[in-house]
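All remarks here apply to the structure that follows.
Letters A, B, C and D mark the chains as written, and numbering starts fresh at 1 in each.
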Amino acid sequence: MNTFGRFFKLSIFGESHGDCVGITLDGCPPGIELSELDFECDLTRRKGLNIKGTTPRKEEDSFEVLSGIFNGKTTGTPLTLIFKNKDVRSSDYSPDIPRPGHADFVAFKKFNGFQDYRGGGHFSGRLTAPLVAAGVIAKKIISPVNVTAIVTEVGGSTKINEVIEETLSLGDSIGGIVECVVSGLPIGIGEPFFDSLESLIAHAVFSIPAIKGIEFGKGFEASRMKGSEFNDPILDESGRTSTNNAGGINGGISNGNDIVFRVAVKPPSSIKKEQKTLSLKSGEISTLKIDGRHDACLALRVPPVLEAVTACVLADLVSMVPGNLPWFPAPAPR
Amino acid sequence: MNTFGRFFKLSIFGESHGDCVGITLDGCPPGIELSELDFECDLTRRKGLNIKGTTPRKEEDSFEVLSGIFNGKTTGTPLTLIFKNKDVRSSDYSPDIPRPGHADFVAFKKFNGFQDYRGGGHFSGRLTAPLVAAGVIAKKIISPVNVTAIVTEVGGSTKINEVIEETLSLGDSIGGIVECVVSGLPIGIGEPFFDSLESLIAHAVFSIPAIKGIEFGKGFEASRMKGSEFNDPILDESGRTSTNNAGGINGGISNGNDIVFRVAVKPPSSIKKEQKTLSLKSGEISTLKIDGRHDACLALRVPPVLEAVTACVLADLVSMVPGNLPWFPAPAPR
Amino acid sequence: MNTFGRFFKLSIFGESHGDCVGITLDGCPPGIELSELDFECDLTRRKGLNIKGTTPRKEEDSFEVLSGIFNGKTTGTPLTLIFKNKDVRSSDYSPDIPRPGHADFVAFKKFNGFQDYRGGGHFSGRLTAPLVAAGVIAKKIISPVNVTAIVTEVGGSTKINEVIEETLSLGDSIGGIVECVVSGLPIGIGEPFFDSLESLIAHAVFSIPAIKGIEFGKGFEASRMKGSEFNDPILDESGRTSTNNAGGINGGISNGNDIVFRVAVKPPSSIKKEQKTLSLKSGEISTLKIDGRHDACLALRVPPVLEAVTACVLADLVSMVPGNLPWFPAPAPR
Amino acid sequence: MNTFGRFFKLSIFGESHGDCVGITLDGCPPGIELSELDFECDLTRRKGLNIKGTTPRKEEDSFEVLSGIFNGKTTGTPLTLIFKNKDVRSSDYSPDIPRPGHADFVAFKKFNGFQDYRGGGHFSGRLTAPLVAAGVIAKKIISPVNVTAIVTEVGGSTKINEVIEETLSLGDSIGGIVECVVSGLPIGIGEPFFDSLESLIAHAVFSIPAIKGIEFGKGFEASRMKGSEFNDPILDESGRTSTNNAGGINGGISNGNDIVFRVAVKPPSSIKKEQKTLSLKSGEISTLKIDGRHDACLALRVPPVLEAVTACVLADLVSMVPGNLPWFPAPAPR
């Protein structure tokens, strides 16, 4: 379903070329001060303005708050915000020619042809705008815990601009890697089964379109390591370790070190190059060239989205730390 | 929390050296025939009997059904089964010397020292036995959909036996890679936000101890590919594609091809080699050599567990296919 | 939290005197035809237009659909609709004088004074407008199952108009009883623990402001009956019983007869008569006379709301009938 | 489904004449001291030992703890306890003659005849034993909040013993009323939509077999009252009111006064008197006389069960009080 979280609940809605995209946050504590300025930085990062390789579709990304804020502060009741869709060119889209690699075909099948196919409808990356806005609020809730993500690779290279230039010249698209670090998280966040910290972060992360893999700490490299190399020696009572191969998580629970994970972002499916695909109308294989406004590299826009869903997971999880019942204090350590 | 699923719910409990480990399945349809034979194969695979590199701790792994079965068939009410703990050597464990890389330290901190530390307690791989049993039932529910997992690499090599031999000779442990394939899954399983098929599978998979990464289809390699290489051309109305770089999933939804994913399994933390760690008693760094009965390579035992959690996710998800309301048929396609 | 349901999920938001009140429906099947006319009847009933004893505040109750509808039909993705707040007189309200019997005081305490207190904010009956709209859609989903509610008593009398007249003349308010009947529900809807049909209906019903009691079938009268009087003799294989003292539910599960329940609606707390209450400003007991536009009898407006939440519960529950998995048919009866 | 709660989760299982009945508690804080003595009082009250009108079936009600307790204290991981079924007389039951008023018929239909019909199977009052045990633990968690329930009426009379004597002499059964009071609950517990305190308590209460109605404060009498009579004047900052007609709840949220509610308990369906019912075998109407060991008045055994489910609801709800995030303090002192 289109909701996430138990105590800090997200409920997302909207279509790329419909009236708007939006999100409802339930479980937001009262009294959090919020101004438009708080959102500006992350929303701008998401748009990738002036970054080569991001779509020229330039939504204003100004949003309206429908509920949950009073006198500039959160009320404690559900907070709904929407981004109106303005700069729309539906003529770029046809329901009959599903784009290879995109959700067009599965959406048609899952919803029996009733889906809003324009611009990918509900499957559009456009829905990450409300996610980023939710993340801004989540970051305030979990402060001073800090979440930061950056692009580390594009097309397997760290020479990002060169790769983008080449990709654009080919009318093609390219994948990339984004790394996220959570610092300041106390020991003990996460549950053994089935809500390990990795489980919940991965659950949220894989709802970001185009993510095809996630690894924590050494991740896939761990599959090639020996225990004597991988184990992180504990240095002191605070849980600090001399290495962080586990990415700050043991047994699904934060261990006091930085949480570190990386995600693999696939290349965008919409490209100018000619592709073969099935025509749902004729039932024949036909060719497709997409001249709309699209991203050459989604990875460039993923960092604020990755930070957002991670912050939302943490805002939800922190309510489960032992001893947080107002009149049931955590028992004294043995 | 220690539950998973909405329609096919798992609730897991137990500690490695307590009375038992067990699981409750809620939402199991009535009338499924179940005999001990149904469980034998997967439980034996999990134990890794006679496989070099797996623990010599030889639990019988015979379980008792406490509820939910009557006259050899499921009743439709909750099914609880437990594995009694018999072959236990608690003397192998001390609460004061947390094993590097294991959950000992975080469990101590999270539960204020009240955790059952013996054999990892609730954090033990022993809890995967009830998971595998649940998977056997889930596989019957989703049949003819088929889930199969195999070890593809150990220590970065496909010469598995050689690597294991060397690891054992060193008194060390080693990681590995397990690949899982789901065949026969119809188009349309999974939800756009936040319950994409990747989200739910990853959520379940990361509750398996020692998993540090997951990738679908080309996964991390996709981050190095161009759209023109990655996009899977659709061949016909059934959704069949000429390549399967997406691992059978677009926009979080099954596309009619095989679901393919790989997981990275870290090396077991318990090794015979001397390691440095913190003594919670003295607060000093001390050394640790673990002579207990442990796995040299957990990856060898992961396949049936990976199949089990995947089958449980699918048993839960199939209930959300449009048109499955008994008197609300899916509307005719446009 | 402000969400309800597992498969047909409601997420409600908004404040009485904020920008709007609204709701998101997630899990709505695709292809349901919806026009404004479908909503007109129930929304008009809720407003109680031209019914003596209902508030003269006359919201247009025209709503906007923000998502989930395309070409006049549901898409299968979240459907969000909002009712803009227009006819607002905030001057009627003060944060410092909590109305006795209203949520003003608890809202102030729960949200530390950050709540939107205008017109009851999130606690306003105004939020039942989106609930009624959601109910219209739920009724289409569960059709031909039919849900009907009527006012049976006001102030303990069945002479409703007379009682209302008298109440108005006194500048007072009055309570009432509303009865709801669900016909056409198949046998087997509801779960033994903890999601009995009574549990889920009661859960939803008690989120309607001013409801203080619910009883199924004979309800409280059953506490005065003998088993030989109460038990409903079964007449045939269809489950038809000669009496319906159980209100169509045994062991929490529908038995094939009409579901019958009644709810007690308390008198509205806002009255013209002078009342004593605490001034949060001065900390002194002061007097309060409320001259705003208020209902003399909420019960008169409850029927469509009661139908709505009941229909939503049923829309959610029907997905749990055995045998509704597309390729796992219900086993043949013994 | 057979689970309840988000933060303090119950998962119930078992059948009356199967191996056992049991429950798993997930989300139990670590370090709670538990001994058999803690459970003795409530379990004895539930059995109704030596109370005329309760079943002579005398289960020992000694239970086994399968997990979640170590060195006499809760570990913080799931706590599972089971009551073995010993004193069983299955010959008392036939699958072909459904008892009027009981769940036999709906269970047969819902589960296609695969249900364990012996002694009502999963629908037996026997399952309230693990509920009561869970309640004992919940009471410790919410302490010093106190939950107390008593029988106030049997068969409409307060002369309980006389009514029971008469009922027994007739070989019949009788209903009753149980009142529950929660004292010491802080202001602010409960959520506006859809998790009002009434919603969650009613949800849990209606999973107790034989409950057909619930009312809070004045309840149904409120439907006959005027606002000027019903509204509870607030006396001071602590929320104390001069009357408690609302039963301690406004807008679904605790207001600082005692929570007061009453439940209607129907008469048990199993009686010695001859009754007409349908034979599922012959399809004909036949007669039924039940000579098994049954309760003449279930209400007598309901109080500890009512206390238990109420305490479980509160143990779950307290986690949602604003300001309970360890490093996100409530903006203003509560």
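Keep this in mind: a residue touches a chain if its C-beta (ideal position, glycine included) is under 8 Å from a C-beta of that chain, and two chains touch if they have at least 3 such contacts.
From a predicted model like this one, the values you see are computed outputs, not experimental measurements.
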Contact-richer chain pair [B-C vs B-D]: B-D
Chain located farthest away, centre of subunit B as origin (C-alpha): C
Where subunit C and subunit D are represented by their mean Cα positions, the distance between them in whole Å: 25
Distance from the mean Cα position of subunit D to that of subunit B, given in whole angstrom: 36
Subunit B and subunit C: spacing of chain centres that average the CA atoms, whole Å: 43
Contacts with two or more other chains, residues of subunit B listed in rising order: 1-3, 6-7, 12, 27, 30-31, 76-77, 110-112, 114, 122, 192, 320, 322-323, 330-331
Subunit D-facing residues of subunit B, complex: 1-3, 6-7, 9, 11-15, 18-22, 24, 26-27, 30-31, 64-68, 70, 73-80, 82, 110-112, 114-116, 121-122
Subunit A - residues contacting subunit D, complex: 6-7, 27, 29-31, 76-77, 141-142, 144-145, 186, 192, 318-328, 330-331
Touch list for subunit A against partner subunit B, complex: 1-4, 10, 12, 98-103, 105-107, 109-114, 122-123, 127, 153, 155-156, 167, 170, 172-177, 187-188, 191-196, 198-200, 202-207, 209, 211-237, 239, 241, 245-247, 250-256, 264-271, 273, 275-278, 280, 283, 285, 299, 320, 322-323, 330-334
